[in-house]
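Per-chain numbering from 1; labels A, B and C assigned in written order.
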Amino acid sequence: MTEDELRRGIEAVVMVAIEPVTPGLMAELFEEPAERVESAARALAESYDRDRRGFVLTKIAGGYRFQSHPDQALYVERFANRDVSQRLSTAALETLAIVAYRQPVSRTQISALRGVNVDGVVRLLEQRGYIEPVGRAEGPGQAVLFGTTDLFLERLGLASLRDLPPIEDYLPGPDAVVELEDRLRPALGD
Amino acid sequence: MTEDELRRGIEAVVMVAIEPVTPGLMAELFEEPAERVESAARALAESYDRDRRGFVLTKIAGGYRFQSHPDQALYVERFANRDVSQRLSTAALETLAIVAYRQPVSRTQISALRGVNVDGVVRLLEQRGYIEPVGRAEGPGQAVLFGTTDLFLERLGLASLRDLPPIEDYLPGPDAVVELEDRLRPALGD
Amino acid sequence: MRAPVRYGPSVGVDVSTPVFEGPIDLLLHLVTSHELDILEVPLAPVVDAFVATMQATKDRYGLEVLSEFLLVAAILLELKSQRLLPGPDEVDPEDELLGWEERDLLLSRLLECRAYAGVADRLVQMAEDAARSLPRLTGVDEGFVVHAPDLLEGVTPDRLARAFLRATAERPVQRVDLSHVTVDTLTVAEAVDELVVELPRMRSTTFAELTGHLAARIEVIVRFLAILELCKLGRVQLGQGQTFGELSIEWIEGAELVGVGVGAIVLDEYNG
């Protein structure tokens, strides 16, 4: 298969897919190495970008899919008459962030961090399809462990969990730590 | 709107559309004459052809849509038939259940119940022959209403829709309701 | 205590106190950013607002909003109770060490929570960016022969009915439970149970006296919430001479005649 044929094949298959198509699956379809498929897909994506197309080829949740270009949001939203996605509460977002960075993680572990009962929030996130049980903890009780789903990646436009922003960047600076320490002092009476 | 902007807009809107998009509708979206839209779309279609893309922009039923290029049929068919061992996803099964019990029902009604966009899933169920359009809603928009097919009945081993298990049998009994109330009472403090 | 709520829609429930009027999450923000001294904010109106909101507008706000309100209110209470608790004059060196250990643990938990709260903002931003771009969902064109494998294999009418129930189930409501604020110790309800036995015997006491024997801070906070519950129920009268003063607790005579245990009290009180 020439490079050109491969690109055409990718364009055709991704065009008819309703979920992101993995390089692995395309490798099977085209009987070509996955690395070759991957690099052809990347080249295609770049060429669309260069040619300023109204669509993009993005890697989401491990696979490729066509999407409208973000700067066409005005027309696309007008067209699709999309309702704004239901917003999650602060509590739900923080819990989701904990699951994303700490996965696999149990309800009890999340509760311990947030200092509140999180059963309701975890259930909500599970029902929305953002998190799912991914296993069970060892030891007594065998608590259910949660992780994020492909839908979570999709909604955030991420190719994989590795693309999450590094949590270190969000740790409070030294000033905030000193301030927190100060605030804890009267609480503990020392 | 420059010719370039118009083409990008067409590319974006047609990319996300499920049904063919008419030049008239696009004319409204872009606030440009339909003739201009039409000629821009034609120019786009020609350019895809010239560049030997794996997809084509065709005019079908008075509207434009993207399709895989006919000469990529081999791969597309392989792709479409790949999921020999696949089962219906939870989302698809729940959508099918809603159609079964609530028919005739529109996409919008299903979306409202499920809280997510169901266009892709509805299309999949329709393609697999489990549901089909059975009419149109009254009122503006005249949404397509879906119902289940004979194939659906056959696959579930049902003689008729009357043989679907009554949903009442699955609702929680009075005991469960009382228990739930008890659990909520201290919480609601009333 | 926890990182201040710095984003997301306002909780939407207003409270009115002599020094502050407005959304409760703003109140928390002002307190945690030291723009308002928690000791100057009487929290009884906050509790009243919560109860009133519960009764009047359950349908309007939905439980998620209300539980968020409760969480914020609980944090305020926790902050205030921390400030109210008198520090011990003499500290056993061993106790002090334990205190430092506890503080370090709390501090690291707080820092981590802050990081997640901060990144949650970023996640929202990412989701909003991603939502600007819609995916193609059209699927394979009709012309193709799809040798449809039977996707319904294994699907029974029974599974279908259950799927329908799942699909049409109400969105889950968060359980609003006062025990939210206690991690795994005594619940507020249990503390109320305990106090309705203890307080009539003591008639009049102070908060410090009542909680002097308690080691864990969380236990003290639970008692504080329980006292507020009882105050709300008209069982006790609270008094505080001055801002840093003792919190006095007085059992209201005759109150013990009603019901035994918190369940009975709550039901008797509110069902009417």
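The definition used in the following text is that a contact is a pair of C-beta atoms (placed from the backbone, for glycine too) under 8 Å apart; a residue touches a chain by one contact, two chains touch by 3 or more.
Predicted, not measured: the structure shown is a model, and the values here were computed from it.
Central chain by Cα centroid: A, whose mean Cα position is closest to the mean of all protein Cα atoms.
Most remote from subunit C, judged by the distance between CA-atom centroids, is B. Spacing of subunit A relative to subunit C, judged by their CA centroids, is 29 angstrom. In this assembly, the C-alpha centroid of subunit B lies 41 Å from the C-alpha centroid of subunit C.
Subunit B has its Cα centroid 23 Å from the Cα centroid of subunit A. Residue positions of subunit B touching 2 or more other chains: 15-17, 66-68, 76, 79-80, 115, 117, 120, 123-124. Within subunit C, the positions touching two or more other chains are listed as 134-141, 171, 175, 177.
Interface of subunit C with subunit B (complex): residues 51, 54-55, 58, 134-142, 144-168, 171, 175-178, 189, 262-263, 266-267, 270-271. By the touch criterion given at the top, residues 15-18, 65-68, 73, 76-77, 79-81, 83-88, 90, 92-98, 100-101, 113-115, 117, 119-120, 123-124, 127-130, 152, 155-158, 163-165, 167, 169-171, 183-190 of subunit B touch subunit C in their complex. Of all residues in subunit B, those touching subunit A in their complex are 4, 7-13, 15-17, 21, 25, 29-30, 52-55, 66-69, 72, 75-76, 78-80, 82, 91, 115-117, 120, 123-124.
Here subunit C touches subunit A in the complex through residues 1-2, 5, 7-9, 64-65, 67-68, 71, 82-83, 85-88, 91, 96, 99-100, 102-103, 106-107, 109-120, 122-124, 126-127, 129-141, 171-175, 177, 179-181, 183, 217, going by the rule given at the top.
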